[in-house]
């Protein structure tokens, strides 16, 4: 049985995530997940959701449109994401923010159809706000650190602990993970020491020359 | 000294709110406010913010763009609203919803420059969420009742009490007012009996043939 | 060599388009395309772009975000669509409209990276406007007929001829296809008789119990 | 009778446009307009539309929402703008871009209720596109020059002449004005020499210590 620890790999829209790259990362994630008994989740671009899900990796969409199935041209609904074999949705990332009622719609849709809803927020107050909606996981990512290589856990540890405190008061059962600037296993380790249930990583993995090693080392520090 | 009771009049974009109508309602609101020692607040369309503020009525904008002053064409910032003489902003109305981080930006801007932030939400969970951002007032408006003449306080009283309970847990000091389908003083009275700190009214006032009487009767029931 | 006639199948977000359905329609489209020497193009939901492209069918995305590859979470760029094996983008559908400058960005991106840009518009004036941007195909779809089963070619033939005239004046080389309410081969035939270069079809195909027959009959009427 | 020459003053959201500033500029614009027999048009922030219109200056809104009057909270419709005494709308500015069908809706609304529609675009192709919608005036503003003090007429004269050519082919009767980086009367003069019907100016006027002199000198060069 897996512990409630999460390493979420956001592959964004990098060319390094296109084509077979997403599934390659999926296979590594699956291996690391089994090795350490933690959740290593891959968020590929929408066109490669099925390919990643078929590797057996836990697969989340990077975003979702707040609609259902039907006569909607060019939208991606929770039901569509579920039909790919994915098991969750990352939403409200600071690069793709949503209206408040859209987050609520998506969290409710996820609960109804059996997907996991991971909601991002980039301040302590908005982390508190989204935790009131009952998501499965909340991710705190100070946007000024995203892509910098300066990790939130070293540069702004207090934002992690304050976010965790805020969530505990409102909805104690929701795990909080930390992201932004996570480049090495020490950043993951530090996040967990601060009380987080894991980490959200993007460019460090996608652009690494040694993805496998890095994913395994990060996963090993979740425990 | 005024009690912490609020009657907010949302004049929307009805033609009956254009031109001198907004200031006419402003004068009535000021009178009712003084008569009963409560806040009767007028939210005119943006072009008539100054005209209403000049009547001495408490004046809120119906919406605000999440920006500051500067080289922005066709946007209305909190600073601009303050410069009209208005003292607050109604935001995230179900007809004009915002992204979560925009609500946070606007609530923070209001606090910084001395405006009152009234944040609308249309479910118990989103009321809880916005209360975590520290607004001055939260308004619950189930959108399916807006404009129906069937008041939230009679048709969905439990949504008011549950919203109040949710806010109490997260941010106990924030007053909750109720809106949607409020047409008469009995709806205001019932809202207050349910624990609300007031009511949000729109078409019933704007389209009434006896605005003065209706506003006064509603204000009198706030106590 | 194919004639410049197009049957574009917009699979929208119907559950009947999920999973293997999109590729099934892709195989039929490929067959009909070869049988009649016309372009029968399939627009699946984003998660099944690769699956359709692998059938050998001409594959267009239903929508595209106006961005490039990079650190963008949950967006679908032209480059990403090309990487799936798709060869074009349907854009500005009346269910998913774009800002004018976004249409320009996407048309320019398509030209640069070798994708076909089919731009929808729902009035004669907006058809004229988008033709000035140099798309590969323009599609006119009066939104009030979409999904009705009343075809544009029978109910509003003059909108097709006026759209074609408007495009001829501005950018004579751009083919115009017609959509909305197209349910049978007679609608396709009539569109071509009016001067259109083909048709855009959605629910009639997706929800048909005899997709193969219908697609073949429609394709046969393009000539 | 005025010539068909236009100087449009976009006051944006600068603090220097707040309060009595807008009307002060309105009075200057009215004087310059009468002195030279040209249109000097003031675009104040929405809250000061009435105050500017009352000076007798030609007054345009900086933006407009694509809706009509009614139960819309916090939107500004063409009808609302007309009710302020303003006579036109500047729209689709590069700082506040619209969807294509929204531009069409607004241009049509303006025609129907008797407002002037000035549509901005920032490339030759989008200038061509919007001219197909039948606006009263088209403004070309290369966004990379906005606010730089390097004028479009000196740095990119060919973009003005190409925009004029493009509009002539599609809708010969539409005047084209030029904006971006216009700081002095020589920039206005040069724009007119290139065939433009006037200029669109913003920060140079708003932030000038000698607004009156600058507006008069610019207006004088329109002839």
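All chains are identified by letter, namely A, B, C and D, in their written order; residue positions are counted from 1 within each chain.
In the analysis below, contacts are C-beta pairs under 8 Å (C-beta built on N, C-alpha and C of every residue); 3 or more make two chains touch, one makes a residue touch a chain.
Keep in mind the model is a prediction, meaning the values are calculated, not measured.
Chain C and chain D touch with mostly matching residues; of the residue numbers seen at this interface, over half occur in both copies. Chain centres here are Cα means. That of chain B falls 34 Å from that of chain D. Annotation for chain B: no residues touch 2 or more other chains. In summary, the structure contains touching chain pairs A-B, A-C, B-D, C-D.
Here chain D touches chain B in the complex through residues 10, 12-15, 18-19, 45-51, 61-64, 67, 69-77, 79-81, 83-84, 90, 93, 95-96, 146-147, 202-203, going by the rule given at the top. Residue ranges on chain B touching chain A, taken from their complex, read 92, 94, 97-101, 103-104, 121-123, 125-126, 128-130, 132-134, 166, 169-170.
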